[in-house]
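To keep things simple, chains are lettered A, B, C and D as they appear, and every chain counts its residues starting from 1.
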Amino acid sequence: MKRLSFDPARCSLCGACALACSLSRCGRPEPAESRIRIECAGPDEPLRSAVCAHCEQPACVSACMRGIIEKDEKSGLVTRRWENCFACGACAVYCPVGASSQEPSKKAFTACDLCGGDPLCVAVCPSGALRFEEDAEGSARRRSAYAGRFFGSGGDKAQERPGLPSQADWERIASAVGGRLGVAVDPESLADACSRQRKAWEEEGM
Amino acid sequence: MDACFDILIIGCGAAGSSAAFAAKKTSPALSVCVLGSEDLPVYSAPALPDLLSGELSREGVFVRERSDYESAGIVLRLGETVRAIDPERREVHLESGEALRYGELILATGSQPIRLRRMQGTDLPGNFVMKSMADVDAMAAYGGSRAVVVGSGAIGLEGSMALKARGFEQVTLVEALDWLSPKSLDKETSDELAAVLESFGVEVLTGEAVQGVLGETRVTGVRTAKRDIPCDLVLWGIGMRPDVELAKAAGIPLGQLGAIRVDERMCTGLSHVYACGDCVESTDALTGKPAVHLFWEPAQRGGSVAGANAAGADEVYQGSLAVFLTNKGGLSILALGKTAREITPEERVILQEKRDGVFRRLLLEDGYLAGVQTVGSLADADLLCAVLKRNAERSNGWSLAVPVPEECRCSVRDVMRFLRRQRRG
Amino acid sequence: MSETFNDIPWRRQEDLDAYAVRRNVPVWIGGKKVIADRVVKTCCPHNCYDTCGELVYVKDEKVIKIEGDPAHPITKGHLCLKGFANVQKINSPDRVKYPLLRTGERGEGKFRRISWDEAMDWMVDKIQSIQKTYGPEAILEYCYSGNREHMAKAVAGRLWNLMGASKLVGSFCLLSGVAGSVGCVGSQYTMDPQVWADHAQTLFLVGRNCTATNPHIFPFLYRAKERGATIIVVDPYATGVAAKADIHLRPRPGTDGALALGMIHWILAQGLEDKVFIAEKTTGFEELAAYVKEWTPELTERVTTVPKEQIIRTAEILAKTDAMFETGYGQQRYSNGHQTQQALACLAAVCGSFGKPSANYDCISGMAFPGITGFANGAAVSAPKGADIPKTRLVNIAAVARAVHEAQDPPIKGILSYRGGLISQQPDVDYTIEAVKKLDMFVTIEQFMTDDTDYADLVLPACHYLEQYGVHPSYWHNWHQILVPVCQPPYECVPDAEIFAQLGRRLGYEAYFPRETSGLDWCRMLVGEQCDFDAIVSPNGPARNPEKWCPEVPYQTFDTPSGKFEFHSSLLEERGKRFAGHYDPLPVYYEPDESVEATPELAKKYPINIISQHPSFRTHSQYYNLPWIREIEGEARVFLSRKDAEARGIRDGDKVRIFNDRGQLENITARVGIRLKPGVAEMSSGMWVKLGGSVNKLTKLVPAGPRDILAEDGILTEYDPLLDGNTGSYFNTLVEISRMEEQPWK
Amino acid sequence: MEVRQQRILYIDPARCMGCRACETVCKLENDLPAGPRYTMVTEAETGEGETEKLNFLPVPCQHCGDAPCVRACPTGALHKREDGVVLTDRRKCVGCHECLWACPFGVPQFASDGRMSKCTMCVHRLDEGTLPACAANCPAEAILCDTVENISRILRERYGKTVFCGPFADRLNGEAAR
């Protein structure tokens, strides 16, 4: 199955993924409403993505006391009938990657559903750090990128953490999100949210 | 001829049901039968307080429908009580007299609530436990407006909140020991919890052992060492006990804690017999010691390991965590790992904070995070849980456990920042 | 018997345990120890330089593991990726298991299972009715190198001879180069690589993508390189071996001959030639010297596009150092291929690179055609004593489609095909398919449902090479191992030789195909007295072929008419007096049949010269159907230069269309990069037509080589493979490439 | 604690010529279907004009000293053996893919059962004293499996001589060894 593949080396920490995700959830660029979170422990620290991996042996499925989380054998997706969630929080405690969280606008604990097969976060990611691909594809791409770095065939750039999105990038991201959701999205508000987030990290000393 | 199943499962709760589905998934060609003593397919016992409060409908409590078993090819026989197991002949004898033959047997007999039968008045109408749907139905039918809840485990806490939500005017939570949930919480955390409960109108009495139930024909009150509390009903939440009668009679070895002893593959001491759920003694993931964890998650996961292995797979159950978790109607509490009393004072560092209405208490042992207690939010629960599990493996040669550096042991915030950084790289 | 083994009364059951090197051998499979019943030594008979020694582990008559034979002095226990994939191939659920008779139209691929008896009846009936209506020469075999061993071909040859069928001759792979080489040198030899590895100062490799076709040469190359030798590679394509070279010359496709002439010019101009060797061991030097006068570095650069500095530098290294010439076959897959090889041989001679342990010339070992050189006694098998064998017409495999289209008196009406992918491997696929459709009988013996089987009337279940006997001396190194079956054939698969023997018996030649003759007997008959046969049959072997056939340091003498190396080839000159074609005694350069220079008008329409290498993933059309191989190789790809891609708006990974007047390929993945210079593209050969990636949809039927066999429609009465030799001129193909409208990612 | 000699799989990129035999010998040794690729030969194009060339690098598990996959695995399914081999306990794997996101080399593979598996340095062979299948077979002798010290020695032996011989400069100056 195709899954969200995250390449920490290519992430600029711009937060476009979380902003887009939250826009699709609650109409506001509000990272707390996002089902994907890029965790950052510091400027030079490795990044990690906290997003549902649709595990093969999902801890959330056995944790869920309502039996509303299921592993769909056909599609490979971990699905949630979150309308029936009574928010016990067990899925959040047991999830090994921290992908399950209580969405403020819902009573329920939710996790990424891959937007039904066309993830918005991937569509907006300006640096290609997030992709929607088969494991084999992702593995082969990483291996080839490594060889590129090893032999120095244009791989040097790939080793540096990419820069933050430009104004033009934010406009492209805004139009991609807007186009998908059928609403107008102000690129300024995205850029603002991004800088607010970064400020918060700075204050946290990260 | 006797009915014969490749895999026979006794118990249709979380463990039994997940064992059945896991077995079918592993090996669809095998015949699988589940016996349930209640006439109901698996439902969520942890959701019973919500059924009681009225927040959930009856239908909402069920985890699976009868038709789910059918479409998976599992034979479901409900309302069947097992009289005995004959491991020699690989047979199970039902109350009805019927004998069922099995290839592999999985015991998922669950647990029973502890009742103080010898205490005065505990046999009166108005005494309740909350283990089964029938218990909740009975309580709902009984009615009343004043309740005493005895015990401050999950049933006690959630039960008192549920009764309040159901509209009871007076709900009194009585705990014999000095503070609430003393097995899982330190006094400081318990005080936070008590404050939350009281803000919802639940009266909390600690250090008061119940001495008897008052009433002639039905419950009219509860007597403690300090007072008589008038009430219409008593909800007992003083603990659960693994149901091991069948196993014991069949000669299946029990562990030191009195539950069925299983290995990491969920095999019991008898060949062709697996066990899972509340009735087993497994390993505590943090201490590595034998433990009886009567929660949903270990039952569900242990069930699928038992089911898969019975069907020919080779899965392991890596033990479970003693998770104290309640997240209901504004009451949010999580406790993991050790409490202060379980760590020697010389090795102990305790950090505590309350920020933005969230109470968080972290316990370090020898510099390693060893216990967590929070009230008011489940944020970072996964991180804390992951760190605790990792630290538990610190005796392994290749352990990745890292102590919190001295300079970070000043505040909860510093520790959290360090842990976040540790998680990756 | 189990359902994977059906008893066929006439299929031989032998005691294969006799071949075991070891018995009850523990072996790891997927981290578990398994006890193999036996390990058998054999060799790989694919069309490849290396002819690797193999140890095959068998359990319950199933191949469970293959390893290289560590005792093999050349291949040293190493195999290529295909070697291991044979475990997947031989056990593949997709194998043809039973005889299948066509039920749909040709090309539809609809069949029904029949019994071997029915299949034999059907063939006998068809063959006899064709013979009756048209005459015996209306029947033709089609056979190439899928399993390149010689024994079954000789047994089949016996049948064709007895029947008086048309006889298949030639090759479409390397004979034009051989003709150019034989013309100058005479008999062909190769020097053991360990000899040059220890002595050569320069390695000169031309048209040889060793990664794919000769991986076992690398340890020897590295030994030489790490000793300080210089490696020079000539290839338009940036191959794996080019990556290890000190100098990589990238001529325009088809101009390798010009490159050699330019180097000879420079060497002579500088007086660097080996004057002693030329004086003592060659003839015709003056004629060559006069001809190369025009090949100045400037002209050579203009023709080949190789910078003249590189040409000069290379020429000087070759002349001043002890240079080992290892020429491949890529450079001769153009209509001027024989001239190219002739020029390379002349370059080697000018440098004195003959007859020395440090400096010699390898084109191909005569062991490639043991029946022609006399090592193998081909006649003993195919022309049995006492039989009445009529002289028949010959059909050249390099023009077989033309022959089928054009043959008269009689027409070709029945083809029995084995060990070759007729449709995917012959140039101009559509023309070949039209030819096949004209047949009354097209029988294929196949392991899998290929392009050919789709058009066949009858498909017979073939044996994997590990399930049959064979004789396959290497055409590169000089070590020999007889192929023995390592396990019983599964299902209703039958070794090729036994199919022909049974067909022969059914056609009335019982006396010539005795039931008791085993594959090993046929092999023994074929090899004859030239070597100690028993020493090369598992558990023995491999052994070096006798000096007579493979001198340790060859080319101390030459067996040309003059007894010397002939810069001016008398053999070609004489042959040219008898046959039409291009028998030039000198290595005169002329442009390939189709190229930007030869056909400038066509090049305006189709400016890209597409070449097709043999990829390491497959031997020709074999192996792509295996999951392991397909996973590695991926979809059909075309490599092109950045400049050509940019000009066409093609980005790396885009789907493109490749086309010319002969056909087109669609949805080919473009790989843009440095592998080719502008104006050249590459697409590996051998991909199946039905999978959409056969480059032969674009190639043209123009056999390279001195003899113009198209003038004779490929139907000959006399043929000398060593001097008339032909090769498919696959690489002189011009195409245009465009980006597809539809891209998968949109 | 006494640290056992650390064993590594070393690829000599100067020798790998891209034949990919390591890929199928690995499939056979480990009985793998198409899907999981314990090793994969990658190609990289470098240079411009005359220096343009192809480079090859097989990428099996690097068995990192401080393996990011081991750190990233939330279930403890990965560990590093005393001799340096990074191994997976597939029974503990839940298929969360954290190891793949963490691995800089794209090594972790996922079989049809969704759990991670990867190159084991053929521990079953190592423990019997034989080389991993890929190293034993490599026709170019480009894959080495040994201790760092021994590999260093092999490489010095391989390339030391070349330095002193010089590729061809002195011979071009008329001092042909002929």
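Here is the rule we use: a residue touches a chain if its C-beta (ideal position, glycine included) is under 8 Å from a C-beta of that chain, and two chains touch if they have at least 3 such contacts.
Note that the coordinates shown come from a computational prediction; the quantities given were computed from them, not determined experimentally.
Comparing the CA-atom centres of all chains against that of subunit A, the greatest distance is found for C.
The chain pair sharing the most C-beta contacts is C-D. With centres taken as mean CA coordinates, the chain nearest to the overall protein centre is D. With centres taken as mean Cα positions, subunit D sits 47 Å from subunit B. The distance from the centre of subunit C to the centre of subunit D, each centre being the mean of the chain's C-alpha atoms, comes to 33 Å. Centroids built from CA atoms put subunit C at 53 Å from subunit A.
In subunit B, the positions touching at least two other chains are 386, 424-425. In subunit A, 8, 46, 48, 59, 96-97 are the positions where the chain touches two or more neighbouring chains simultaneously.
Under the contact definition stated at the top, not a single residue of subunit C touches 2 or more other chains. If the chains shown are joined wherever they touch, the resulting network has some other arrangement, not a path, ring, star or complete graph. Of all residues in subunit D, only 13, 35, 37, 40, 42-46, 55, 57, 59, 68, 72, 74-75, 93-98, 100-110, 113-115 touch subunit A in the complex they form. The residues of subunit A lying in touch with subunit B in their complex are 8, 39, 41-42, 45-48, 59, 61-63, 65-67, 73, 84, 86-90, 92-98, 100, 102, 204-206.
Listed in rising order, the residues of subunit C touching subunit D in the complex are 28-32, 65-68, 75, 77-85, 87-88, 201-202, 210-212, 215-216, 218-219, 222, 225-228, 230, 238-244, 246, 248, 307, 310, 316-317, 320-322, 616-617, 627-632, 673-675.
Residues of subunit B that touch subunit A in their complex: 18, 25, 42, 44-47, 50, 55-56, 60, 62-64, 296-297, 300-301, 304, 323, 325-328, 332, 334, 336, 378, 381-383, 385-386, 417, 420-421, 423-425.
Residue ranges on subunit D touching subunit B, taken from their complex, read 1, 68, 70-72, 74-76, 79-82, 91-92, 102.
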